[in-house]
Amino acid sequence: MHPAAQTRIRVRVIFGDTDQAHVVYHANYLRWFEAARCEFLRARGLPYTQMMTRGVHFPVTEAYLRYRRPARFEDELEVVAHVSEVRGATLRFDYAIHRLGEQEALCEGYTYHACCDDQGRPQRIPKDVKGLVTG
Amino acid sequence: MHPAAQTRIRVRVIFGDTDQAHVVYHANYLRWFEAARCEFLRARGLPYTQMMTRGVHFPVTEAYLRYRRPARFEDELEVVAHVSEVRGATLRFDYAIHRLGEQEALCEGYTYHACCDDQGRPQRIPKDVKGLVTG
Amino acid sequence: MHPAAQTRIRVRVIFGDTDQAHVVYHANYLRWFEAARCEFLRARGLPYTQMMTRGVHFPVTEAYLRYRRPARFEDELEVVAHVSEVRGATLRFDYAIHRLGEQEALCEGYTYHACCDDQGRPQRIPKDVKGLVTG
Amino acid sequence: MHPAAQTRIRVRVIFGDTDQAHVVYHANYLRWFEAARCEFLRARGLPYTQMMTRGVHFPVTEAYLRYRRPARFEDELEVVAHVSEVRGATLRFDYAIHRLGEQEALCEGYTYHACCDDQGRPQRIPKDVKGLVTG
């Protein structure tokens, strides 16, 4: 994968992201996965708001997270996202989160998405969308 | 106010509600206010889903919270809600949260709501709704 | 698995759980998994607060979710949790969420947990804990 | 107030911030208030992590929010925070949130904070902290 195919966003951990174990609560990483995924699409000229207007939706059908080391309050994190699989009507995104300037991932994971129309029925991923996310 | 005019719900604090100060994160009380408010309406035969179908919405226009003592992980809380003010097109709910079996409030507050139609334009609160929330 | 080995909790979906696709936001299911997991432990005489006092922690190391059908605002859900695997120093919980009175799961998943001490170092699961969660 | 006394952060609204009314869920603004507040302190050389190490804590004792117009998915918001009041042992922060490049506030509010020690007892705000937040 050449780096251009990835999108990176930065996130600053707030108090509200932590739990009483002094680490980021495990559910919150899914929010950062989403933030990076939306930025990935926006960076390719496909803001999700625009796709919805066209009747193209990508609800999450599966999610997996591997928590390697905890992120902590005030950490500045980088969330890296890329499309790792494209089929007729499904997409897979892969993610890794690390502290800015560090290599080791704190959290990794993926999400699967079904391409659906306004009524929630599966549909083939439009050609232009396919081209842009794999480009 | 006679007790029948109040609605009470119970909430168990989870890890995800806490922050690294070992207490419930302050924003989460607004979620519990909402849970009690919805139950208040449901208990009077006005589930919010049904009101939305009729084109009656009550977006929050103001919120106030007073944090007196912290709620903690695994606490079983009671959230008490009642309508404290009804005008032509606005409603006010008051809330208090305490540990089950205790008197002292951990958190108190209120929310103001504007009655709106499907386009978000202010409208008078329907008579039957008014009757039921003040009954 | 005999039913006694499962724990069930009920959850009412609030507005704050939904997103603009009119369904529960996918990250929120992890919170309900946690609520059911804590109740599972509490029901066996092992409240998580008490385990922490003993220096026994079970941070999440992996999570997986399969979203089958959406949960919606005001749905009353049942979250079923049970321990599906116990090794020397790790636990796995399995979860299923369905609407009250329905059979079909809306969401299923699992979480893996490492047994750790106060310093976050892996340790063997204490005998009594092992006995109670598999009992 | 001269502009230097304010801190501004940017926030991109994600799907997870919205609710089924297609707007940001009202509780989430408190998270953004917190993000701006922490950045305010960090920008003055007082990262909250560092203050906690010194035994200086500022739990929220009151919060008020006025919702003027809704923020929406993918909006890029600016959150402006400044200290509006300093007493012996309490601080008040004021906040305003608007879309980037717009003037009108979508949401405004304030939070009060009590200066506490590690045991949660009120204490006077240390001189250097007072100087830096009012400087």
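So that you can tell them apart, the chains are marked A, B, C and D in the order they are listed, and the count of residues begins at 1 in each.
Following the convention adopted for this analysis, contacts are C-beta pairs under 8 Å (C-beta built on N, C-alpha and C of every residue); 3 or more make two chains touch, one makes a residue touch a chain.
On a predicted model such as this, the values are computed, not experimentally measured, just so you know.
Each of C-D and A-D has its own count of C-beta contacts, and the greater count is at A-D. With centres computed as the average of Cα coordinates, no chain lies farther from chain A than B.
Note: centroid distance chain C to chain D, computed from Cα atoms, is 33 Å. Rounded to a whole number, the gap between the C-alpha centres of chain A and chain D is 27 angstrom.
Each of residues 15-16, 21, 23, 27, 30-31, 34, 73 in chain A touches at least two other chains.
Taken in their complex, chain B has these residues touching chain C: 12, 14-16, 30-31, 34-35, 38-39, 42, 47-49, 73-74. Interface residues of chain C facing chain A in the complex, by the touch rule stated above, are 21, 23, 26-28, 30-31, 34, 57, 59-67, 70.
Within the complex formed with chain B, the residues of chain A that make contact are 15-16, 18-23, 25, 27, 73.
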